[in-house]
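The structure's right below; bear with me while I get my questions together.
Labels A, B, C and D are assigned to the chains in the order they are written; within every chain, residues are numbered from 1.
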């Protein structure tokens, strides 16, 4: 079962690391699959576009796209078409990641388009204000990630709990259907537990697992306290 | 044999058409493979990134990426990493297509990077001047495509032969190792023959074949006069 | 008196037309000043950045910037700094115009920065959903402009009144302090009156006045029914 | 006399520093004017767009734009129109600065357009290869600036003399009409002299002067050895 509605949800963003490219991406996905099955925690992966097809065929795990462009079928050489990542096996997509920020109207278009296509969507945001703005557009998830903490090893759930709590509270005031994730600096079981305790339904993370000496052990630790 | 050094060369850019996405991209690639084998003309395909892996595994044809970003391994969510498209099976990439223009320094970086990785590269350009500028950067191919003719059905080899001839002449004055292609409005055997007669080593085309009622017949006609 | 709080408000976006560049921009601003004084209707102008200083010094009219970049003092060659347009005489800025769409986080940053600097801000949007999202960020104005009508001569207040009404209603549900403007295709007194009747506090317009045979007459007609 | 053909040429890029914005930009321009008159060395300034008009009217110094967009008259809200900066008093423009890189086709368009309008142009580049590519497009100047040295205080003319010499040599092989400048880390008279000795016709600099405790003294030192 590959959808992303089960929570708590752990999204592993593969970014473009050597450790999560090509054959390495496949192996890492299998580790995620194994840990998810052993622990019952929902883990989904967001590999690079050229790796989506292979992982979705060879691994029993939900696959997200890291990004899609706000385009439809036509002459758009080099762009990422939502229908194409869907046919390759993606069940949803990240939108507006801090390393790939999007225009407001594009975020709106992609939320609508992925919803119409039956795909999930997670809008990444940088603070409480943009989280609330994004939530009015009816995404499935908003993932708040203070950019200064991304890749820092300092977990947002400890360094800036008020941002996480504020996001949860204000989003639920404005649109109860939107689920909140948080990210930036997350790597341990304590970090994830703190995120859940602050009212989120999961986390978005990357280097804390991908660059760990032993990603399987790191993943097992991550999900050990929920 | 999948490299792109054999000429005349026909590059079919799949863009993001419905007719060249996912399963349709696979079928179209098989048609290209069949026509290439029957006629001995070198045909390569440039599908969308999520389709590269599958086509390169299931079809005996050289596969190009439509675009790569000027990045290396690291934290670049949503970007297209050259190493990733290579591992997925791409033997080279288009650069600076008119629908995905790039910055000068990025074109330089990607030519160098693809060369280092043993991949081919084709820089698309819009006129004689930018073709010469691109040629100084030592790409394998420069593909000149006047943007006003792209998708027009009016072949550049007939509408603006002086641009094609001028590009061939000036590039060969400055860098003899660079091969010249042309594109825009190409669809028939006459168009391709005219391109070759003007001194190019092949063509880059898309809608003339992809949107044809019968792409196999259109491809057979395309390569019938060389 | 140069602020933009008085309504109904007419904002004339000079874009980059020949008729509104340099000396022409100065003349057009003087026409706006004259009509505003004669009729008592608040008219403000948004000229190109190099024309802001001269117009703000030589004409008694509130001047807006067409755009500012989400940057602070530092090394940002070629970017538009909010502090610089303020010192040149701008009392506020357009944000996210359809010809210069911005990223969500940039819109948030610029609203905060202009407010801190005591400047006004008008966020342009393309539909009801993005208007509501923008309104949560606490701008002074949201100006909804369906992009397909911009420059069309077909007034949004007649062609798509439900978008204007819906924007007014939903924004006032979520943030009563935000004033709503509309734009796209506006040129006559009937268009402006219809906009006001739909609940807006004014309009944003350009070619309907700038490219008119007699801009003064066109402006006088525009404000004749309110 | 305001043109930029006299060499050696010192271009002071004001960027968006507090010390070179608005009133400060005017004062700094007057310092440049004074030093230029006292020493006979040609100094030109590149202030922010909103400051071009005022400086060109109030100071006897050649003014450049930091950037222009590849657009013509029309509906381009927020863009920088070449005709507008010209009418405001700019005699030329920087193109492709490392903080505002441009697409290859845009560089070509802007070189042609500024030449047609009788304006000067200086294309900034990051290495020998892109310098040669830019030189084929017939700009007035190419200014090579290794990005890792910009703002570093380490002068390119000492840290990487081979890049400067190589650029001069290869550009003169390909297009003798193009003059070469260098930049990055330049601040002292020794730096400028070294740049001239390496075959350039001047320098492009910013923070070394603008952020100096005493910009006039720093400028006097800069031009003291040529």
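Here is the rule we go by: contacts are C-beta pairs under 8 Å (C-beta built on N, C-alpha and C of every residue); 3 or more make two chains touch, one makes a residue touch a chain.
A quick note: this is a predicted structure, and the numbers were derived from the prediction, not measured.
Peer 1: From the C-alpha centres, identify the chain that is farthest from chain A.
Peer 2: It is D whose centre lies farthest from that of chain A.
Peer 1: If you average the CA atoms of chain B and of chain C, how many Å lie between those two points?
Peer 2: 44
Peer 1: Taking each chain's centre as the mean position of its Cα atoms, how many Å separate chain A from chain B?
Peer 2: Inter-chain centre distance comes to 34 Å.
Peer 1: So, what's the distance in Å between the C-alpha centres of chain D and chain B?
Peer 2: 37
Peer 1: By the touch rule stated above, which residues of chain A touch at least two different other chains?
Peer 2: Residue numbers touching two or more other chains: none in chain A.
Peer 1: Testing understanding: with touching defined as stated, what is the shape of the graph linking the protein chains, line, ring, star, complete or other?
Peer 2: ring
Peer 1: Provide the full list of chain pairs in touch.
Peer 2: Final set of chain pairs in contact is A-B, A-C, B-D, C-D.
Peer 1: Mind listing the chain A positions that touch chain C in their complex?
Peer 2: Listed in rising order, the residues of chain A that touch chain C are 96, 101-108, 125-127, 129-130, 132-134, 136-137, 174.
Peer 1: In the complex of these two chains, what residues of chain B are touching chain A?
Peer 2: Interface residues on chain B, with respect to chain A: 13, 15-18, 21-23, 46, 48-54, 66-67, 71, 73-81, 83-85, 87-88, 90, 94, 97-100, 150-151, 206-207.
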